[in-house]
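The structures considered in this document are given below.
The following pair of complexes shares a single chain, subunit A, combined with subunit B in the former and subunit C in the latter.
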Partner chain A sequence: MQGSFKRLVEVGRVVLITHGEDAGKIATIVDIVDHNRAIVDGPTTDVKRQIITYKNVVLTDIVVKGLPRTIGTKALAKFLEKEQVVEAWQKTAWAQKLEARKRRANMSDFDRFKLMRLKKQQRDIVNRQSAVLRKERA
Partner chain B sequence: MGRLHEYQVIGRRLPSEQEPTPKLFRMRIFAPNQVVAKSRYWYFLSKLHKAKQANGEIVSVNEIYEAKPLVVKNFGIWLRYDSRSGTHNMYKEYRETTRAAAVESCYQDMAARHRARFSSVQIIRVATVKASEVRRPYIQQLLQPGLKFPLPHRVQRPAKKADRALIIAQRPSTFY
Partner chain C sequence: MAVSKNQLAPGISRLSRSKAFAKRAAYKITKVVPKAKTEAAPAKKAAPKRKGGKRLGDLVATLTYKKSEMAPANVLTAPKAGRKALRSPKLRQSITPGTVLILLAGRFRGKRVVFLKQLKSGLLLVTGPFKINGVPLRRVNQAYAIATSTKVDLTGFSVDAKFDDAYFKHEEQAKLKGTEEEFFGAKAQKKEHPAHRIADQKTADKDVLAAVAKVPYLASYLNSHFSLSKGQAPHTLKF
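== the complex of A and B ==
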């Protein structure tokens, strides 16, 4: 039972903010106020230091280890740069899915046309090959 | 931000022939605005001294801002409140970032736990308490070094209320 929860609220846990004006950005938990709120700071991702409720946030799998409680913003920025936290986040499948969703939502008509053409070309290559294979088998 | 603000209210009795320069009395009042702050000032002052709004004047009202609003502190609040059958003293602790937020928590807490409204509660003293001197276990549990805990029941909400789906394909999972 104890081991089934892998994502914990702790100093150094990286969180993704889901509600509010900073939605979609990641930040790091710097101090815990109580069972509902934490102080969160994201100097490298343009998130001002603030108190945030756990309801407005999603815990990620990334933890910045060795972070002292109530670390200042500048020192935190140095820690994050050293651990390359933002890069680690952007490499995760989760972040890439969010990015893909955003890109798809922001497509213009011309982008959709280009996508249609590329998909058609892909289909053409695949269908030609499968027709050849079908003939060989028959 | 928040409903309550902390004000410093200074007032005195009106000067008279017997008392050309009356003493100034200063109070730190928690109130939603300056008007209520001045009113509470006279409420308290008339209980402590022979001075009331009719024969006194308020010299100044200034808002007191928190020095470090992004640092969590442990506040101990001493208060006095009227219950339905008597008046009692209490000491409660809150973990907040500003004095005004702690007092607001306290009023909400008193209303919830004891059905005591704003007018029946008198805040006697608000002070930051060192972690080693915290008396209440519900605050002590948050002061352990290396505190960490999971969020066992995750309720997924959409970013905007308008994005709520009336019908969803799969039963939502609450595992984080």
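== the complex of A and C ==
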């Protein structure tokens, strides 16, 4: 850890791919090519081993510890499973937010209507309760 | 080069064909249709043959020969016969019996209705159902409807064959406005909705209503209007 950077480009760093075919998937940095590109691989998330520019990638907080440089795909898969990287990613608020966004975009017209109705119900319950509490306090 | 004021450039008229037609008041001219081509055509003058005895005379005649038969001025070109067959439009793949449609045009725009079947004219037969959202049995153009992925389960339900295009045709009423009768105080009679239509609506909607009632929220969904809110674009939405 150096200076104020909390996430560093390093072997074992898990990244979220933001552009291209694999957009939305996570992968792990296996080797660093130069100050623009790295080799990433994601056997557990259907990402083929490839050189990727840092522009198309966002670093996450997750790091696979003790990952040797230029590890093979099969060996990497074992590492990722042992460290439960996918599970760790899915637990983050970030991943959950992306998932929610995706789910919302895929909702049908009827689903949106039902959501609206349920939100109304939720709002009603909350408002009633808060009104009661406000009265008690006053 | 001087260009006539009727022309933009040599050979290009300032007025379009239709504008010229209006200016000339050509619509006032009754068209004279020639009786038959053979009658209208004047007797032909045969072109002199080259071969023959008086060679020089023939040559002069041949070289100076002019076709005297001019096109008669009143001949109209025959309209081109259309070769396209009238076919009713294909039903969109996303529309099947029971599909909830969002109407986009007309009196019931924004309403969500249930599709029943496609009529021979290509129009879609839909119903509200009437009891839920006030949309009667109605014909709708599929171009003016969004098909949603929501389907009302209409298995075992068949639409009465009497609901065809003729069923929905309006009866023509004699126009009253501007006539003598209106001037002397006759008032347009309001047509009453025929009783058989009310009965038809009820029988047709019966099974649809039963199917709708089985799914929670579906009835109130059909009762609601479709609208876009801030940040929503119809082409990015999934229906």
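As a convention for this text, the second predicted complex is superposed on the first by the 124 of 138 C-alpha atoms of A that agree within 3 Å, B and C clash if a C-alpha of one lies under 4 Å from a C-alpha of the other, contacts with A are read in each partner's own complex, and residues count from 1 in each chain.
In this text, contacts are C-beta pairs under 8 Å (C-beta built on N, C-alpha and C of every residue); 3 or more make two chains touch, one makes a residue touch a chain.
On a predicted model such as this, the values are computed, not experimentally measured, just so you know.
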Following superposition onto subunit A, is the placement of subunit B relative to subunit C best described as a clash or a fit?
fit
So, does A:109 touch the first partner subunit B, the second partner subunit C, both, or neither?
second
With both complexes superposed on chain A, which partner does A:93 reach: first (subunit B), second (subunit C), both or neither?
neither
See if subunit A has more residues touched by subunit B or by subunit C, and give me that chain.
B
Would you sort A:117 into first (subunit B), second (subunit C), both or neither based on which partner it touches?
second
A:138 in the overlay: touching subunit B, subunit C, both, or neither? Say first, second, both or neither.
neither
In the superposed arrangement, which partner chain does A:125 touch: subunit B (first), subunit C (second), both, or neither?
neither
In the combined three-chain superposition, what is the angle centred on subunit A between subunit B and subunit C, taking C-alpha centres, to the nearest 10 degrees?
90
Considering only the touch criterion stated at the top, classify A:31 as touching first (subunit B), second (subunit C), both, or neither.
first
Across all Cα pairs of subunit B and subunit C, what is the smallest distance in the superposition, given in whole Å?
13
List the residues on subunit B that touch subunit A in their complex, please.
70-72, 95-97, 142, 146-152, 155, 157, 159, 176
Any idea which subunit A residues touch subunit B in the complex?
5, 7-11, 18-19, 23, 31-35, 39, 49-51, 54-55, 59, 70
Show me the residue ranges of subunit C that touch subunit A in the complex, using the header's touch definition.
100, 102, 148-150, 217-218, 220-221, 224, 226, 237-239
Which residues, counting only subunit A, touch subunit C once they are in their complex?
105-110, 113-114, 117
